[in-house]
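Presented below are the structures under discussion, each in the form of structure tokens.
Look at the two complexes coming up: chain A is in both, with chain B in one and chain C in the other.
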Partner chain A sequence: MLIQLIVSGVLISAIYALATTGFTLLYGVSGILNLAHGTTLATAGIMAWYLIGTGHVDPFSAIGLGALTGMVVGLVTYGVIIRPLQTMLKLSTTDEHVFMLVATLLWTIILQEGLAYTFGDVPVSVPQLVPGIVEIFGVRTPISSVLVAVFSWLVIGLLWFYVSKTRSGQTILAASMNPKALVLCGVNLKRVHLVVWAIYGGLAGIAGVLVAMILGVSPSGGMELTATAFSIVVLGGLGSVGGTLIAANLIGFIETATAYAISPSLRGLPALIILIIVLYVRPQGLFGRR
Partner chain B sequence: MKKIASSKALSRLVLGASLIAMAAASQAQAADEGPIKIGVMAKFAQINGAAILNGATQAVEEINAAGGVNGRKLEIVQYDDQGSASDATLAFQRAVRQDHVSAMVGTFLSEIAITLTPWAARLKVPYIVTGAGADQVGKLVHDNYPAYKYVFRTILPASSSAAGVCQSVSDLAVKQLGYKSAVLMTEDAAWTKSFDEYLKDCLPKNGLTLADTIKVATDTTDFTPIFQKIEATKAQVIVTGVGIIGNKPVVQWANQQVPMLLMGYNAQAGASAFWKETSGATQGLTTFTAASLDSALTPKTVPFGEAYQKRFNTTAAAHSFATYDAIYVLKNAIEKAGKTDADAMVAELEKTDYVGASGRIVFQGPNDPLTHDMKFGDGYVTGVAIQWQDGKQVTVWPADVAKSKLIFPAFVKQAAQ
Partner chain C sequence: MTVSHLPTWARLAILAVLTALAALLPYVGLQEYTLSILTLGLFFAVYAMNWDLLFGYAGEANFGATFLIGTGAYTAAMMSSNGVATPLVCVAAGAGAAVIAGALLAFPALRLRGPYFGLVTLVAVLIMRQLIILFSDKTGGEIGIAVPDVIAIDSATNFHIALGAAAITAAILHLLVRSPFGLILEAIGQDPVNAQVQGFNIVKYKLAAFCISAFFSGLAGALMVFYLGTASTNVFVDGAVGVQIIIAAIIGGRRTIFGPILGAIFMVAAAEYLRPLGGPLSEMTVALIALIVLFFLPGGLLGLATILRRRRAA
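Here is the complex of A and B:
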């Protein structure tokens, strides 16, 4: 059972890591907790499912189209919901946080309703990248799940390379650390935010298609995905990408261990209990900045 | 003076009473004129909800095209309950008090049907459940008869579906394939209580030992641990009872290539949209359902199935058959009662003996265990088992209407060899 647990834990954690990296990156740079995150994932997954269903798109291309969908949703969220509120209302930082939470919550409901109206409120699944199974230490595992895990870490690796090795990426990193100093250096912060929202959307889009491949997605399931992402980033430390990756693995393994050792119905519970304990003793999260 | 005052007061009282009486009379007249309103309730964005609405639409269009009911047209009033019992309760009250529907049909979730049953009694409106299977609905009517006499059901209750599953699995898995052990995997919902009880007793009696029984939460997303646990039992077939969970266990069964057949009951797999939603992962899945396009259970089954597919571009699910038949059963009751008075309609509904698209519909009486549920078995409603074969639902049970033998998905076949 231990090997089964490790294999399943590694696979699910990889998807969790990819699905939450953009969420925490966005918070780190722009200070916005996007409650429409799960629905952004679901939108990309459902679009990929729909396009594959037309018979003109294969699952590999669907990942790219999912990224594009996520990017469009991300930019629309920024352009239609976030930016107008920031420019029109001139809110204090505290008020802005509350307004953004409410606005993104309303936005997620609009997206959900739109998706349910267009495609029906049913779970849909994207076909596997490659059919077939492979034995990993005796555990029968779909080849597609292994590819999804590898692909997830590859995308996260590319993101790391971009942020730490390119000039544009380092500007984003600087914006997460000291945005005022960046403005004093002559950098257009609005442009940085635009780039971050596009990257965020792309990551969410890819993750959405991969989640649709492994677990399935539905319009009303978006909030559940947001809740999982929220738990992971709060545990890892809001805005800390490294912390989020560690927390994604932690939660992935705890959930899997619970499902195997106790009951699949209770898989989400221990992680939430740990989250509350962490909030008591280390409110900034395991790796967050105070 | 006093006499004049009192006679004025009296005449005002008489005038007031006359106005009230006239208003009441005109309302009663309005109820017996114009279209007869039938409320249809479900969550329409889901497969089963759409199936309910489509079934009602098909029946109403046919009836209106043939001249209506006693010269009056039928009119559907839609109520989307969003899968929520509180929304459903409010909508149900509005339907009766504000929209003055003559009857309600629909409801997919048993939890909602159980909530609405007392409301149908309070508001005295005939309510035909066409999607929810919990035995509790029939038991409520039985235990509270005659107060709850307004509630009927034209979809099989869970214990009857379980009987159908037991018979079909026994014939297919035990007699045809020689299987000896199974795992029962059902969702944690109101309707599976009686479903589980029946199968835990019936399957072993029919030669299929239960290696394990697993209850799955309806919000389960990852079935990997469940399937690995099932595989470890070395059972030969998984007998399911799922409706709310939808397609996730089916997709993951195919993706993870779990080497045993999925049989039993899957409420959503009866509609052709299921193939599209699962991107074909449902290949090889077998489910018990009311009827199918290729099984001529009655002379009305295939014509309805074909007309439905042509009209809605999807096959009719069990809930479509149930709602289609429910509207015809209502039509007959109104025609025989000669009016839309609730008690008169109920009296006629109780006398129903109607051959519909899903079988011969006769309701159980007040002394039967599930009052106003359909009688199940030979000569009444029997149901069929269909298997998904290359994008089509093919009837594989019972033998007299079966169109094909069972096929195996590649990963099950390899394991069986």
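Here is the complex of A and C:
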């Protein structure tokens, strides 16, 4: 029982970690909380499901196409919602913050209802990568789930390598620390933001397909995914990628334990309550900077 | 002389005249169906106005309007279904419970800055929804809870109740935002640091605004339970409903109190008018309209009036 819990916890936490790193990276660099995050995941997941359903695409390529879908959604979000809001309206910082939240919320509804209209508002799941079952410490686990977890950490590792070892990645890191100084160094900040949104979308797209594989997605379920992602990111400390990874594991385990011990329908509840408590005691999150 | 230059008493007089005219609507041959839509629109207007008090003036985005509305609605519904009290007592208890729940939520939450306050209010709705489902033997769970009593069966009377609630809320909130309290609140919303330097206790003022907002939201929620005859999570405790309230307030014009009434009635009317398109397409269209309003008319429909007037003056 305990081992089973740990195994499922590790698997689900890996996806949660991948599904939230993009969200926190985006906040760290551009200061934007994309409330359409969960719906971006759902869009990629549903697209992968649809493409596989046509019969021309296998699950592996579907992950790639999902990443592409996420990237397109991310760039459209930036180009149609975020950028115009920043340039067209002369808003104070507080106002811009709230307008951003409201605008991404409206964008969520537009995306969600567009998906519901095109594909129907039903939960869909992407078929497993490979058939078969493997025993881990005596726990029977689908091989596909293990692959998904490994793949998630691999993508996170690649992201870490990109941000800390490449020049382009270092620029992004610098933009999250001091954008003004970066502009003085002659870097085009707008291009940095475009790159970040593209990376964000790609990460969200991959995560969306994997979430659709393990948990399933639906158009109207996007908002719940946003809430989970939001809880994880805030718990870890907004903008702190390391904190997000730890929080993703924490929430993943708590949800799995709740689902096993109490009821699967209540899996989200303890995480939400913990989130509130953490916010009250330590508003900057467990690992966030003030 | 235009409306925005009128003194407060004149604006309230206009509100009273418009309310009196609206009160005649049931007697001019309006269909029962239209009347029922307007009734819901007016309840919705109360929610939107109270959201505007927090967002437009206190500068806090409350994503959990339905936490307050739901507390009022479910308190009233559970009291009534257990035969504890008469409808009016239930409504009063609902409003009171919403204020208590709102204060408990807001007091710690208001110390948080930036997006955290919005997050906590959103999470409060999610938790409440889960708890209602968890204790479904007492709350009716996802199916909802039926209310045996009614305040009135007659649709005209119900319309008048909703109209009265909206008009009284509008009048009180309007007086409030024009009072010194409202000005301080607005200052806090626009520049919290400066307001704090002036010696105002930010948390105290915001908490007061939140409690006022909770009172009217809970009151209208409880009244709406007796109008609908049931309390269910999809109507009263739902993040999506909270979003619609936000859209209504933004379309109508934030920081105006009266604007959200227009926005709420517009939303309910648009939902009816677009119904032939089907659920997804109509909701998508409404969201699209709201987005366009947000971009091109950040002041909302009432802001449009201001722009037109300035053009004419220029």
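General observations
In this section, the second predicted complex is superposed on the first by the 290 of 290 C-alpha atoms of A that agree within 3 Å, B and C clash if a C-alpha of one lies under 4 Å from a C-alpha of the other, contacts with A are read in each partner's own complex, and residues count from 1 in each chain.
Assume a contact is a pair of C-beta atoms (placed from the backbone, for glycine too) under 8 Å apart; a residue touches a chain by one contact, two chains touch by 3 or more.
Because the structure is predicted, anything quoted here is derived from the model rather than measured.
Placing chain B and chain C on a common chain A by superposition gives a fit, with no clash between them.
By the document's definition of touching, of the two partners only chain C reaches A:V102; chain B does not.
Looking at the shared chain after the overlay, A:R140 reaches chain B, while chain C stays out of its contact range. When the shared chain is aligned, no partner comes close enough to touch A:T54: not chain B, not chain C.
Touch criterion met: A:S231 reaches chain C, while chain B stays clear of it.
Of the two partner chains placed by superposition, only chain C is touched by A:I273; chain B is not. Applying the stated contact rule after C-alpha superposition, one finds that A:S125 touches chain B and leaves chain C untouched.
Draw one line from the C-alpha centre of chain A to that of chain B and another to that of chain C; the angle between them is 60°, to the nearest 10. When the two structures are aligned on the shared chain, A:T87 is found in touch with neither chain B nor chain C. For the pair chain B and chain C, the least inter-chain C-alpha distance in the overlaid model is 5 Å.
Residue overlap on chain A between its contacts with chain B in one complex and with chain C in the other: 116-117, 121, 265. In the complex of the two chains, the chain B residues touching chain A come out as 43, 45-47, 50, 188, 215-217, 219-226, 228, 246-248, 251-252, 255-257, 268, 273, 276-281, 411.
Chain contact summary for the complex, chain A toward chain C: residues 33, 81, 84-85, 88-89, 91-92, 94, 97-99, 101-103, 105-107, 109-110, 113-114, 116-117, 121, 223, 227, 230-231, 234, 238, 265-266, 268-269, 272-273, 275-276, 279-280, 283. Listing the residues of chain C that touch chain A in their complex gives 55, 59, 61, 63, 108-109, 111-116, 118-120, 122-124, 126-127, 130-131, 133-134, 189-190, 192, 239-240, 243, 246-247, 250, 278-281, 283-284, 287-288, 290-291, 294-295, 298.
For chain A in complex with chain B, the residues that touch the partner chain are 4, 8, 12, 49, 52-53, 116-117, 120-128, 132-133, 140-142, 144-145, 214-216, 218-219, 224, 256, 259-260, 264-265, 267.
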